[in-house]
Amino acid sequence: MADMTTALGATRLPNPVMTASGCAANGKELHRFFPVSDLGAFTTKTVMRDPRSGRPTPRMAETDSGMLNSIGLQGPGIETFCVDDLPWLATQGARVLVSVAGGTAEEFGEVVDRLVTSPGWPAVVGVEANISCPNVANRGLVFACDPVSSERVVRIVRGRVPAGTPVFAKLTPDVTDVVAIASAALGAGATGLTMINTLLGVVVDTDRLRPRLAGVTGGLSGPAILPVAVRAVWQVTAAMRAGLLPRAPVIGVGGVRTGADALQLVAAGASAVQVGTATFNDPSAPRRVLAELEAEIDRHGFDRFADVVGIAHERTAAP
Amino acid sequence: MADMTTALGATRLPNPVMTASGCAANGKELHRFFPVSDLGAFTTKTVMRDPRSGRPTPRMAETDSGMLNSIGLQGPGIETFCVDDLPWLATQGARVLVSVAGGTAEEFGEVVDRLVTSPGWPAVVGVEANISCPNVANRGLVFACDPVSSERVVRIVRGRVPAGTPVFAKLTPDVTDVVAIASAALGAGATGLTMINTLLGVVVDTDRLRPRLAGVTGGLSGPAILPVAVRAVWQVTAAMRAGLLPRAPVIGVGGVRTGADALQLVAAGASAVQVGTATFNDPSAPRRVLAELEAEIDRHGFDRFADVVGIAHERTAAP
Amino acid sequence: MSGGVVRVTGELIAVRRAGAYHHLTVVAPGVAELAHPGQFVALAVGGPTSANLLRRCFSLHRVKPSGTYGGTVDVVVSAVGAGTRWLTALRPHDPVDVVGPLGRAFPLPAEPVPCVLVGGGYGSAPLFWLAETLRERGCHVELVLGAASEDRLFGVVEGRRSADAVHVTTDDGSAGTKGWVSDVLGEVIERTKASVVYGCGPMAMLRSVTEVAAAHGAVAQVAVEESMACGIGVCMTCVLPVTGADGRTRMVRSCVEGPVFRGDRVRWDALDGGITRVPDDAVGAPRPGGH
Amino acid sequence: MSGGVVRVTGELIAVRRAGAYHHLTVVAPGVAELAHPGQFVALAVGGPTSANLLRRCFSLHRVKPSGTYGGTVDVVVSAVGAGTRWLTALRPHDPVDVVGPLGRAFPLPAEPVPCVLVGGGYGSAPLFWLAETLRERGCHVELVLGAASEDRLFGVVEGRRSADAVHVTTDDGSAGTKGWVSDVLGEVIERTKASVVYGCGPMAMLRSVTEVAAAHGAVAQVAVEESMACGIGVCMTCVLPVTGADGRTRMVRSCVEGPVFRGDRVRWDALDGGITRVPDDAVGAPRPGGH
């Protein structure tokens, strides 16, 4: 069997499959279906400084091969996270990628400050800055829609996370030029990039003739968006290979349901893969995707997972 | 039965359902399944100045609830279009929305110049400027990714199309701020907007471990993208209702397979709807969608289609 | 690992019409053994080529922990959309992908007190098993079953076997008393001296069941039906505002902390026209000027 | 309106294994009546909840314009992916959504000349009907059927009824001559003095069939298999470079101008490793510096 280890900056993970933030809560629920420590890492629900109730309901709408959600980052806040959730994950032996956010750049910093003092901190293998959330200071424009805001947040997070711990910036695909945002994040010191968050969408309820979500807009996720995720990973990796961006690890996410889906992201350049919405269909999806991805790597006769990362760039004839 | 007529600027159409450009060729093939004159309008395959061979194959990849295509605007050029295709459509009594493009802003103008002299011109109810195509002069960046390029093209097309004939600018969703592009197009004199073109995507062939499309990237279409189309129409319509954009008709396109799908776009603000990829599944999809949309309007008890346009904005509680 | 829930590819062994509904029996080894009345299962729909990613949730109507085929679960399905139409078109021996049992069951009284069980439409599905469980514990049990019309009533005959009495209402008077369950509920509570009222059905009904129960000195335990993307507690789509023992309202997940809630704890005031607001006094509610 | 093609919801009446393949018979009124050998049908897959939007194309194996159930069409399906697995798992009486007949049929010789028909794998499916049609016109017909292994041969027995002789090759020698169809084809053309060779199968085979035919003075008519999104001529995904009567190469749609082409008109030089280039001399080919 192939060596499935993968490197995210200085951190080495036993395998490249993770949960996606917000699609696995903080571990206890999925642990009923498989041991959370089986995964390369467990990505937690984005945590903010204070408790948040999230948005009104309906918060979800099914769409063809996907769904729309508008949870609104409901959560108990960083204090409860550090006291209840992180220690539990640590006890299970999980490697934790902690997703953080703030309504302002400074709030990201406050969340990280509290996080690094948590007794569970040793279980943390990285911090994912979810910059695909609204910037209160900038008319609610998503941080990751703007290179300057992206830069500011990443710089603060990077400054407060101990140097040995990787920081990933999670990008939205809803931009004209994802490479420009990636460049801003890496320029500000991000170890790597997580791509992609959901696409902005609206579903109209054709009985009530109004938006189905109480919050009108929501994020589109699921297999429907896999080609967009593969494209985003492809573009950023291509820019790195062309020397237009510093080389950095990419975590691919968006629409992964099978090991073959994961392999698409990996061949396009992802060093790790997160499984989100598919978990709602199959509670053991992240664990199953890992097994299937291992089988794919073996089928192709590779000895090491790392040899497959970005391989599709090499196998593409020059246009 | 409800009055299904709809207005696109000065033009009145008997009903709001059209083919989508590039998904119906130029009419002869679909005419075997239903009379093309049944539709509100027939949108032709984007035509450029010269004959074009398009891109190498494979040009398509199926995706979950959608597909990727990279046709590369294959076509016989405006001369053949004017001699063969437009007269045939005119003979059938079709109302034709002619989709035009160019590798440069000036090429758009040349295509229109030839078009307006065509004997088939009286059948033309509008010109759709497909500005979601690469701008040769600007590193191949899609015109509609940039407000300045969008403006330039629309100004040229508007200047060469007789004043009574509406000009629609077809926008890509692959931008940070679709309202800004809409604003540029309307500012340059577009009668209205067609939204959306495909989303950029990549599919990796997990057997060959290389992109499935010979051209690497392609456009994602089909039901998978309906929520993105509805969102784009929603945002632009909301901006119009808020007085941030001049009021103008919107043609909704992206993922429509049923009358209920069409109704989503209409309730979000579209005055007409185009059916694209669904035609590959069901050759009579545009005609069927029209019948189903009529049934939906009747079911809701509306007398006039026009009363449903944008209704979801009125029925949404202020956030 | 299982923690009281399993995922299993079961097999449909029977599907039969029951008025406007379909009654499905599925072999689902492991589910029946763990289940209690009020819990639900989440079924995948559409098969391997499905565009419908999300599971559909159904109350457990009955379970048989063992049997000729292994444990079976029964559900009652109203075919209203793509997923339920697919499920009700299945044929015996077709595979059915089941996750369950899910959610919190109806809490059972410690003492053999009289109980009234109120079901609206297919909402009555879990009540017969509950009735039998309560009667085994010595409770006097009466059922109130309501629906829009006779064909949308479920289990009236079954109810006569499971409970001490059955009362029927229909909106159009096509069976039983013309009117709503709430019109007869007060009288039944009074006469039976019920101290617990269990309810399952549409939200508006649960609200009035809660009100009528309170007015007659009974506690309401209601099983709510919120849109659920995951059913297992990981997505936060299924929340509704519920007041905790500490008196504070939180947006809680109805799939793991429910679907059964004490009626008087649900913030019915936040529910209106298909939208549930976040009450201003909820923990973490948006404050003017941001959080 | 029909213009030689219909869309119809048919009904599967039989599905049986044939070696590595499944042989499906579908009642599809209207299709059989219009069809000719070499044409194909496009079948929808996955049913109403399907995530697979695109139809799958299959050569018509046989048609019966009338019969107990109305006109039927037969196809031979190799289950290789999501859509073909779904089709081959269907059961009798399941609905099958058919568009057809599609494409250009094999052109038939005006004179009763000897013909050789070459099929690779399931590519032999349309050849038996073609063989019978040719023999009705007085042609001497021999078949060459090849596959990787015996189980991937289709119709050897049927071929003996339909044609004057059948020659078999397999890559692994598990049946007939070990080797490729092209290894035996030359000899068969020479012996029968065939003037037309019909081919259906993988692209590489069609290329060598074309070459061998040319080397022995015969014309090749080959049915190609390109990825098709629509099958009806509206999407431009299925193109390949073909030289026209005017000597100029164009990217032509194989679904409406094919799938049958004269082998010597196909620009095989542009096909390599699963990618088909646009030849530099094609009409409208990209020129350095743009179009």
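Worth pointing out:
Labels A, B, C and D are assigned to the chains in the order they are written; within every chain, residues are numbered from 1.
The criterion applied here is as follows: a residue touches a chain if its C-beta (ideal position, glycine included) is under 8 Å from a C-beta of that chain, and two chains touch if they have at least 3 such contacts.
Note that the structure is a prediction, hence the values are computed from the model and not measured.
The most distant chain from chain B, with centres taken as the mean of CA atoms, is C. Interface comparison, B-D versus A-D: the pair with the greater number of contacting C-beta pairs is B-D.
Each chain gets one centre point, the mean of its Cα atoms, and the points for chain B and chain D are 35 Å apart. We define each chain's centre as the mean of its Cα atoms; on that basis chain C and chain D are separated by 55 Å. For this pair, chain B with chain C, the centres built from the Cα atoms lie 46 Å apart.
In chain A, the residues that touch at least two other chains are 64-66, 208, 222-223. With touch defined as above, residues shared between interfaces to two or more other chains in chain C number as follows: 51-52, 275.
Chain-to-chain contact here is organised exhaustively, every possible pair of chains being in touch. Across the complex, chain C meets chain D through its residues 45-52, 82-83, 85-86.
If you check the complex, the residues on chain D that touch chain B are 1-5, 7, 44, 51-55, 99, 226-227, 229-240, 250-251, 256, 274-278, 282-286, 290-291. Per the touch definition, chain C reaches chain B in the complex via residues 51, 275. By the touch criterion given at the top, residues 22-25, 29-35, 45, 48-60, 62, 64-67, 69, 71, 74-77, 103, 136, 208, 214, 222-223, 277-284 of chain A touch chain C in their complex. Of all residues in chain A, those touching chain D in their complex are 64-65, 223, 317.
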